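Okay, handing you the structure first.
Labels A, B, C and D are assigned to the chains in the order they are written; within every chain, residues are numbered from 1.
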Amino acid sequence: MVGGGQGALIGPVHRMAARLDDRYELVAGAFSSDSGKNLATAADLCLPPERAYADFAEMASREAARADGVEVVAIVTPNHLHHAPAKAFLETRVHVVCDKPLTTRLSEALDLVEAVRRTGLVFALTHAYACYPMIRQARAMVAAGELGEVRVVQVEYPQETFTDLVEELGAAPDRWRRDPARSGAGGCIADIGTHAHHLAEYVTGLELRELCADLSTFVPGGQVDDNNHILLRYEGGARGMLWASKVAPGYRNPLRLRVFGTRAGLSWKQERPDEMTWMPLRGTARTVMRAGPDTGEAAARASRLRVGHPEGLIEAFANIYSEVADIVAARLLGRPTPGPVAFPTVEDGARGMKFIEAALESNGRGGAWVDARLAL
Amino acid sequence: MVGGGQGALIGPVHRMAARLDDRYELVAGAFSSDSGKNLATAADLCLPPERAYADFAEMASREAARADGVEVVAIVTPNHLHHAPAKAFLETRVHVVCDKPLTTRLSEALDLVEAVRRTGLVFALTHAYACYPMIRQARAMVAAGELGEVRVVQVEYPQETFTDLVEELGAAPDRWRRDPARSGAGGCIADIGTHAHHLAEYVTGLELRELCADLSTFVPGGQVDDNNHILLRYEGGARGMLWASKVAPGYRNPLRLRVFGTRAGLSWKQERPDEMTWMPLRGTARTVMRAGPDTGEAAARASRLRVGHPEGLIEAFANIYSEVADIVAARLLGRPTPGPVAFPTVEDGARGMKFIEAALESNGRGGAWVDARLAL
Amino acid sequence: MVGGGQGALIGPVHRMAARLDDRYELVAGAFSSDSGKNLATAADLCLPPERAYADFAEMASREAARADGVEVVAIVTPNHLHHAPAKAFLETRVHVVCDKPLTTRLSEALDLVEAVRRTGLVFALTHAYACYPMIRQARAMVAAGELGEVRVVQVEYPQETFTDLVEELGAAPDRWRRDPARSGAGGCIADIGTHAHHLAEYVTGLELRELCADLSTFVPGGQVDDNNHILLRYEGGARGMLWASKVAPGYRNPLRLRVFGTRAGLSWKQERPDEMTWMPLRGTARTVMRAGPDTGEAAARASRLRVGHPEGLIEAFANIYSEVADIVAARLLGRPTPGPVAFPTVEDGARGMKFIEAALESNGRGGAWVDARLAL
Amino acid sequence: MVGGGQGALIGPVHRMAARLDDRYELVAGAFSSDSGKNLATAADLCLPPERAYADFAEMASREAARADGVEVVAIVTPNHLHHAPAKAFLETRVHVVCDKPLTTRLSEALDLVEAVRRTGLVFALTHAYACYPMIRQARAMVAAGELGEVRVVQVEYPQETFTDLVEELGAAPDRWRRDPARSGAGGCIADIGTHAHHLAEYVTGLELRELCADLSTFVPGGQVDDNNHILLRYEGGARGMLWASKVAPGYRNPLRLRVFGTRAGLSWKQERPDEMTWMPLRGTARTVMRAGPDTGEAAARASRLRVGHPEGLIEAFANIYSEVADIVAARLLGRPTPGPVAFPTVEDGARGMKFIEAALESNGRGGAWVDARLAL
């Protein structure tokens, strides 16, 4: 693991997710640039000190030299520290699970796409929301044509976290999200706007064609955007709206996706991830439940408990880790790899970076329509 | 009453609303251009045949000639038949309650504003959703500064009604809503987009400054827009999004408004009109109920039943009628009129027409930003 | 109208309900035993003073002597003043709409049953919750066998109103509900327990066979019960639970009924009266909406607005008034009366009194099982 | 681990829970009485075959003989196989985590209480619902007096699973739940009634004094109860109702607890475990969220993710395992053990068995009131 030292927010979630299905053992890390914290974290995790490395570069080279070196690395650092470690491990033939957004610039993202394709390694991006069973269910239903032709996509991801913050306030663990040097030029849009953008593409299977963005920085002294209002036009003619916000008091994390086609609509909220509302045209709305009677194979594969026994975000994260393990194990054993990849990929990450750059460009031009396509 | 003949949808709602508080007696009408239907409707309503007029013009002139002529007229015809009767009755000194949108063109709307101001008569526009007690509560809370400074407005009004319609299908009672000759150039935007636009301005007290509209016509053969995605910029810096749709399967009428300020957010859905969610920043969300402990005077004045005993849309409509009656009665009795007008006015209607025309212009220019201000 | 003087809670609801569908004209009343209040109420309602009577007896006899005397009387007094006026008007051949519970003693209730049967007049009891469209829908679905054989009934009606009250506190408008001299021996059970009991019988079509009641008086100094826990056994083998409470903080009026059969379950809450949750066995729960695609004739007849446009309790009350008017008008015109009576009847009221008396007896015997059948 | 062989339902949940916080290593098991399945399960779990034992007795004795023998055993067998293995491991000084209900007879339960007290070992019973953070929050609020004095407890746990089952139908994994030889004399009451009973006592801190039970067996040919209607009287005067059912179509697992005191009420549903509704008397209901602003220490200790990021049942289960590990580790290290035990104990299990036996006795006597106290 790269990042995830004591006090980190997302590192422990990755570790729990990796443990849940017993497919991984954590054997090495470069947890912090602070060497004391790095060693202390290793000790907490019962790692021998020699496998707590000073930095990712040392870790990549020395693990590559070991017969029992790491097979998969998790990168859980701030955004500006995704590209270099990912590249380093890919070059030493280590599979990568990387936090989102992929990088801080599209050019870096494209560089990673190239490296993944060249090396043939597995690369997963932890848009974990896409790995909830009911999101898999939604995607399968859209793909099977149960909505008919998709016309309208409404996605939103509001939080309150920046509302009353000014620059002076904070050394909070996620203060780096408001610092362009570490988060990239995008603030809210990079942190959660990309989640929303990804989820919409993931479920609908549609690629974004163009967008018109009105990005705001409401918080006094803010250096990055904190509210995103974006109009979306997809390939094939569907239209959408995306709202992401860090200034929505009372909203903790209610990522929500709604998709409407010619035959039905669906609605899903991450705060109640085990449910999806299915709305057939001129019919009666149904509450479809994870592991319930109307869910299919895609959801079942991503599910652990019986209906009515709640699963949560750690389980969604764990699906990424276990799906990566399935492929890695199959290759090691010389078996055919399992079916199509369900977890978010490096290409998804690159499209996310294109989305960020297009939105920033649109906003910079006063809210003009901008091409958001990315040929990969 | 003008319009509202047998088979009409909204006419009976107006009549129930006018009766609820026992402030009106229905004494005359021009219910239908079909004279048989006109007379039959009058008979159903126990009116004498001589007060069932062939058209609004005859009704206006002959009622004006009677000592016991109508004091208030309700206009419940399709959009293209609002301006002329409203004007006619204003000119004969009859107060007007008119269905929305105000007219089919801004110029007609401005003409009515002029007539109302000149005559000094009462004019109410039935954006009835603005007359739910909890909307009054929301408006009062914003006005009192309980949200702090408003930053973000999210309003949506989705329906499924046009989803599978093509022109050939229908003589449905509201087929005129898809016919530009009767609805005006706007389809979805005129019918329900204006409700959403009005509700947002009504609650926030903010005027729209500019907008960027992406209007679609998804239904094959459709002559008017059936989906509206609109970015909003308000005076003072607040930003918003408006989604109105006639192609959202499963959605019956869930008009929803959310407003976020520097101190709190609020959320209201018309399908559960007696509740509002109040979300203080970094606090715990509260379900504020009509006639409950956290509601104030504005809501109380618009409320009839104790907490927990549901009120509905007829009651919201009735608030308009009764508030008009309060003013008319006060004038007749030479008493001071009650406090500030709470019901939607002719000026609100004109701003709605400006909103429609600006959105159509923006869309016609490929989604450009367009000035939406209207000096009145 | 008998009762409903200035300051009364339920009288104005009856009057709005009677007006809504324009089937009644209020022409006379004995609104209050306080003659000043009686006359003032009459004046508020634009009645001539000679038809504001000192008491119900005078009203019954003098109206009977008029050619234009009342045809239907509404009795909206406290419980101990239901029997005598109801009897008096029945004897002068006036149809009756009476508030619930029917009387304060079963013997009085049986006396009214006899009078209604002897006179052949119409008698409606305002268990208004039974007149919501979705309750009609639920009843029709049970009757049609869509639930299969009913096994389990869960009904609850909690409020917070007595929680912190002691006798000294109050001259609140409904203080009489805590006074056995006016409410009868039952407190909570008479006021809202009977609503719950009725609703369960009304929807399931099952009669209660026996019950076991644990009634509490938590409020210090309370003279009547304020919490009811009751086990129910119905004819045919279904079992149920009834919870009614006046000491449930935070609960305003969420009367709720759930019925489970061999094939499906249903759930309805009065706070959201336009919805019902339908739960087929091993299927996906559906939110059935008033005037929506899965509702039938019984609901449609009790419904005024299109789907998604909320109706409330006044409309449910109005259904009783209009259904009574339908029968009275048919008889006056010599036409066949409409189909089976949908509103609650005098027999329902007598069964409610039997329920109260059986529960009080059970509780008095320490929570013994008691026969609750009533042969009518 | 004892039990939890291939195909088992609850065993894998225990294993995930034990892994989540990285406090356990699974080193030995007696997974199945079928030796092939036993070995295959061990292989799946990467255990050496010599630590896959033929039965719990062999495992207890041989692990006791190893220097690296198990320190904690998880017992996840059907009910009739809880007592003997628990006793065997306690006698060899191994701490126990045991599935619920504790045993099939009260006498066995008391025997385990004696053994735990005599040995001083740790014993946890997996009423995992009691280990959700918001249940800990609810318990802390009751204990702190925020509800005032508790008056009313409403608890329910309905499922649909037996609704259409007859004995002939099934070799389903949980068929043993309907076989008195394996589940004990109680069916629904042993399986889920005890969960409800425990949750109510756990949150309120009140002990049950007496009960009156109406147990049904609706399913034709059923050998155990499938619906439980129980009135409850607690020490100190609070009253309650408990509904547990296996014949409630559409209900998957919505365990729900509501508690009402003199100052406030609270409501929690396990299908949305991260939320609790808090209802102050005559105040506005609040949705309290896990890790949100109104949650305290007890909830925080049981919580892993930030507010708005859902946790589920595996996490609740994991709390038991980690809290047991805290105590075991403290003892091993000679440190003071952490504060009061939060997980359910052997005494809770014994009280659960008393509850079952009292309910069966009450029902056998036609629904009489029966003493439910247990002096421990």
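The definition used in the following text is that a contact is a pair of C-beta atoms (placed from the backbone, for glycine too) under 8 Å apart; a residue touches a chain by one contact, two chains touch by 3 or more.
A quick note: this is a predicted structure, and the numbers were derived from the prediction, not measured.
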What chains do chain A and chain B have as common neighbours?
C, D
Where are there more C-beta contacts: A-D or A-C?
A-D
How many Å are there between the centre of chain A and the centre of chain C, using C-alpha atoms for each centre?
55
With chain centres defined as C-alpha means, what is the inter-centre distance between chain C and chain D in Å?
43
Just curious, how far off is chain D from chain A if you go by their C-alpha centres, in Å?
35
Using the touch rule from the top of the page, what residues of chain B touch 2 or more other chains?
251, 278, 282-283, 285, 289, 292
Footprint of chain D on chain C - complex, ascending
147, 151-152, 154, 156, 158, 160, 163-164, 212, 214, 216, 218, 227, 229, 231, 233, 239-241, 243, 245, 247-251, 260-265, 277-283, 285, 366-367, 369
Which of the residues in chain D end up touching chain A in this complex?
9, 12-13, 15-16, 19-22, 45, 159, 251-254, 270-274, 289, 292, 304-315
Within their complex, state which residues of chain C touch chain A.
278, 282-289, 292-294
